[in-house]
Amino acid sequence: MPKDFKTLMLTVAAPATAVVFALLFSSLVLLLAGSNPIDAFADMLEYGTRLEVMVDILNRAVPLYISGIAAAVGFRMNLFNIGVEGQYSMGAFFAAAAGGAIVLPGFLHLLFILVVAMVVGALWAGLAGWLKVARGVNEVISTIMLNFIALGGVIAALIVPWRDGEGSLNSGTKLIEDSGLLPDLNWLLEIFTRDIGKSRELSGALVLAVLVGIFYHLLINRSRLGFDLRASGMNPMAAKAGGVPPKQMVMLAMVVSGAIAGLVGMVDILSRAGRYDNNFTPGLGFAGIAVALLGRNHAVGVAFSALLFAFLSASSSILQITGSASPEIVVIMQGIILLVAVIAYEFVNRIKEREVTRLASLAVEGADA
Amino acid sequence: MKALEALNRMPAWARYMIYALIGILVLTVVESFESGDVSRLTADTASRAMLKWSVPILLAGLGGLYSERAGVVNIGLEGMMILGTWFGAWGALEWGPTAGIIIGMAGGAIGGLIHAIATVGFGVDHIISGVAINIMAPGATTFLSSEVFGNRTQSPNVPGVGQFTMPVLAGGDIFGLETPDILGSIADQEIFYLSDIANFSRGLMSEMSLFTVMALALVPITAWAVWRTRFGLRLRIAGEAPYAGESLGVDIIKRKYQGVIISGALAGLAGASISMELADFYQEGQTQGRGFIGLAALIFGNWKPQGILAAALLFGYPFGVSLRDLDGSSTHALLLVVALGLAAVAVWAWTRNAKSDVILAGSFSLGMFVWYLLSDTAPDWLPNTMPYVIVLLVLVFAAQRLRMPAADGLVYRKGGS
Amino acid sequence: MALAIELIDITKRFPGVLANDRVNLSVEAGEIHAICGENGAGKSTLMKILYGMQPPDEGKMLVNGKEVNFASPSEAIDAGIGMVHQHFMLADNLSVLENVILGSEPVMSGGRIDFNEAHRHLAEVADSYGLDVEADDLVESLEVGERQRVEIIKVLYRGGEILILDEPTAVLVPQEVEELFRNLRELKARGSTIIFIDHKLLEVLEIADSITVLRQGRTVATVKAEDVTAADLAELMVGSELPSPETTENTVTDTVALEVTGLTVLDEDKRPSVSNVSLRVRKGEIVGIAGVEGNGQGELIDAIVGTADISTGSISLLGEDITNWEVRARREAGIGLVPQDRHHEGLLLSAPLWENAALGHQTQVPFSKRGWIDRAGSKAQTERIVEEFGVRTPNVEVASYALSGGNQQKLIIGREMTANPVVLIAAHPTRGIDVGAQAAVWQSIRDARAEGLATMLISADLDELIGLSDTILVMFHGEIVAELDPASITPRDLGSYMTGAARSEDN
């Protein structure tokens, strides 16, 4: 199938260009800074392919992926949910507090925590949805404001009364009993590999990520509701005339996006700390947007981009040790990859548009002849 | 209603002056309800701190204006501001404060240039490009910081810029000669309202940094440049109806590039004002999202410079009040101010017969009022959160009255009408 | 007389289309020269070339005897040519003055606009041509006719002597048309040359001195207005074989499919855009709705489909009251819609054809089953539509933006027809599509009528209305002002009802 091959090449060309460009540019930066880029990249590659580091990469990729999918749900509906940041923090905070406050038997405890996280995330996102639908407030601005209100307001206000134990500076919410935590998946990985070193655990949240990915794919690409969502995103007027109420679709997209966002913090809460504390990872919301854009809002594409970003972050810590370069170079690389990729996608899109239009007009001429 | 009409006929500066006087009156009255010796709402320390905190927001908002008037949404302001914090500090350390200002602006302008290339040159969605810049900028500055300062999070202390106190009115010097402090002496009389006005104004006129003076000067300069010059008219057509401009031979692409690069430069200046003035050093993450508040100020201010100034001062005010308010009593008084503001919105909605607005504003107002009555102090997170809540409330009640440039955020393709 | 414009053998190709094929045009200085032709005849392309918006592939252009090659509109402006676009090129949020001076601002030192000089010059131009505008008003506060005047002033302000007006009367009410014609005659008296693009023949004959007719991208003829009749022109425009939309035998039954009673729709300012409208469409009947655009037809459609809120009145489908039904329920119950603007309301431009074919019917077999999209079923159904309605496309995976307007329209007609609707609401079903596709669309409407479809046909094309409809209702200012029998009416009579010049009660 030469035609499909060409389409595939075009699809892969953009992110590949982005990565190559990022490598070239960061090499230049490293050279200017007096480091040897080849040494640095070789160090990263060697370190990043160690089993323990690969476990670390997977653990880092999981929240990035879930966050990316949360953003992607919005993007498919032409909504910019910049608020994943606030939604996942709220979800994680309330879920941790609720999970620490009660104990339920076995699996129910875990399920309860996950549901709380999703509901809180959905409510916080739904607020932005309501503002848009009922009040015409642009979701970009409202979600940015809600991010600040969530982190600097709601969580800052409640973390003091809800914290466990007085006095300690690094205190967080009450520790969740083991029944509420995610089991690790080391046994699964060890079927294929040697034993994983101590204190490295492959988080069970990987299962969550896979489920979220499958759910997202089925919802958006296979279900009728997903069709309605996408139609409304592409052309709300046409969708409305076709029986799709635009306001409900905005609400739905925000709520689903927020519910998924609620799960982003679960690696931190249920696999690492067992509670919401000062070490809770910030910034995953914005990183998720980057990952979604790089992965073109596609369930598998987002997985690749999450793994790429996770690889870069995880493997960069070796640079500190070997001293071959400054580890911050990877953040620059991530930024360049993203920027070049979105430009390249736009470029490829225009090539495709021209190609398709040409083919369609050929069909007309052929038929007329 | 007659009074309102008269108000609308006044020149803008007079109208704003009256708004300010009404505002101070409300603050004076609220102050008098508060137990204890709080006159911090109208204190010169509060107004001075307000102004200082407002400067980066104002500069970022004005930066946003140039970009969005040219039709390019700039949520990358935050990233450009971050570039400004580092470049400003670096320039000041290497070559002195003046160079710091210029290099800080140049750093932000580079961010603007990247945004322009992506959005205007390649037609990338404005929000997407802005997010990319916001992700890239902190990486770049952290890298530069660790390479240049040998410390990834912080720079050494930066030489600051000079300060200026208004002579005669606020007791500043003229060539080393002391002058009277008229406002200060009125403030000391403790006359109801009058002293409050004097004290509040005095705070605005004393110990102004060079950044403050520049930022305030940029308000009329922007109004002039964007509304009275050829450059401004062509910039605005790029944001309102680019294809109409194109049909008359205006080079829209050029105008958009100019707008976005100026936008970046001003965001860079905003960043430099944080590292060089507010903090005296560069620190990772020190913008604390003020680029986004600048964007909010732009919207709040209806894409106009005087509106952005008002918004920036409003956002800076809670910080100003909370700065020396260790027991949280003055900040507490702000709850009442917000409650009164919402009540005013409810009344205004009532006159316009907008029932849902009356209910919404009324119940928010009531909630704030109850909170005010049931508490003695305000928590420390409140001043940080208040600007964002105010923005949301403004958008909830006034989103339909705001007028953004008609082609703002739309990708422009030459000859694509 | 000297020639102001001379175009020689202008050719312009677009992918798959030969928009202009060796077109020749000679316009004398100081005349009003009309360019006529059906939609798609190549008029707009020709004008874009003349105004420097697109370069020709071949051919020569002479302005005032000198050969020119415009790279951009500003070069055309410098050569004294100005254009009044059909969709006004004005910024709503700028003042009249700002819109006018843009691009030729008088400046003082420092790039400061000399507003005094600008006001003076604008007043001078406006006064000398008798064009009345308020310089400091925001454009958004102006009526359509005033906006058009601003567009004309824009050209004159730059010293333009050759004006191109692209379908200037399409957006105007009759009084405004008169005002425009008065202005144009004044301009001509002062020596301006005017190129006037239109396809309303009576208007053309009224205002023009010479007329050039284009058909399928070629020049057919240039004639003097006094030498021809409207019928002559019509024949030149469409050729000798007019694709006549005559219906054959009467298929109207007694079953009322759609009944609208006392329907009123209010606009944003609470004024009625549809006012107390009642109508019935029976099975096998085509009810045509005539009217100048903007007289409530769009709102009437929206109310029936359910996308607009109604104030009073009721709508029933096959006797069942559907006034409070959601859009989806109405569509499922058998209301088909060919929207008036296919790009805005009919298509998902970036989605593949098969998803476009599903739009509006995605809840039904074969497009979906139990809440899941049936991709195979949808594609098979789309292929049937493509086959049956002659949609020219490489395959059904192509995004719909790639199709020509006619093929897009055939896809929409096909999608609605194959869903076996009870009532079809067809708004401007042949607008902007080529003659071949037009005939195909008419044929499918006729076929469906024969099978008992109730059709409400909204159209600005009077021949289409008269030829297809069993009954014609005329809408004016939101009301139905006349019910006419197409067998006994001429376009001229219909026109007088549409412009409010006559009401049926007066007869």
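Worth a mention:
Letters A, B and C mark the chains as written, and numbering starts fresh at 1 in each.
The definition used in the following text is that a contact is a pair of C-beta atoms (placed from the backbone, for glycine too) under 8 Å apart; a residue touches a chain by one contact, two chains touch by 3 or more.
Being a predicted model, the structure only gives us computed values, none of them experimental.
The interface with the greater number of C-beta contacts, when A-B is set against B-C, is A-B. Averaging C-alpha coordinates per chain and comparing to chain B, the farthest chain turns out to be C.
For the pair chain A and chain C, the distance between mean C-alpha positions equals 46 Å. With centres set at the average Cα position, the gap from chain A to chain B is 32 Å. Taking each chain's centre as the average of its CA atoms, chain B and chain C sit 47 Å apart.
Against chain A, in their complex, chain C makes its touches with residues 15-17, 305, 307, 326-332, 337, 339, 344-351, 355, 358-363, 368, 371-373, 375, 392-394, 398-399, 401-404, 407. Contacts from chain A toward chain C in the complex involve residues 222-228, 230-231, 234-235, 237-245, 353, 356-365, 367. Within the complex formed with chain A, the residues of chain B that make contact are 73, 75, 114, 118, 122-125, 127-129, 131-140, 142-143, 146-147, 152, 289, 292, 295-296, 299, 379, 381-382, 384-385, 388-389, 391-392, 395-396, 399-400. On chain B, the positions that touch chain C within their shared complex are 228-231, 233-234, 236-237, 240-241, 243-250, 403, 405-406, 415, 417.
Put simply, chain A touches chain B in their complex at residues 29, 33, 80, 82, 131, 135-138, 140-142, 144-146, 148-149, 152-153, 156-157, 286-287, 289-290, 293, 326, 328-332, 334-336, 338-339, 342-343, 346-347, 350.
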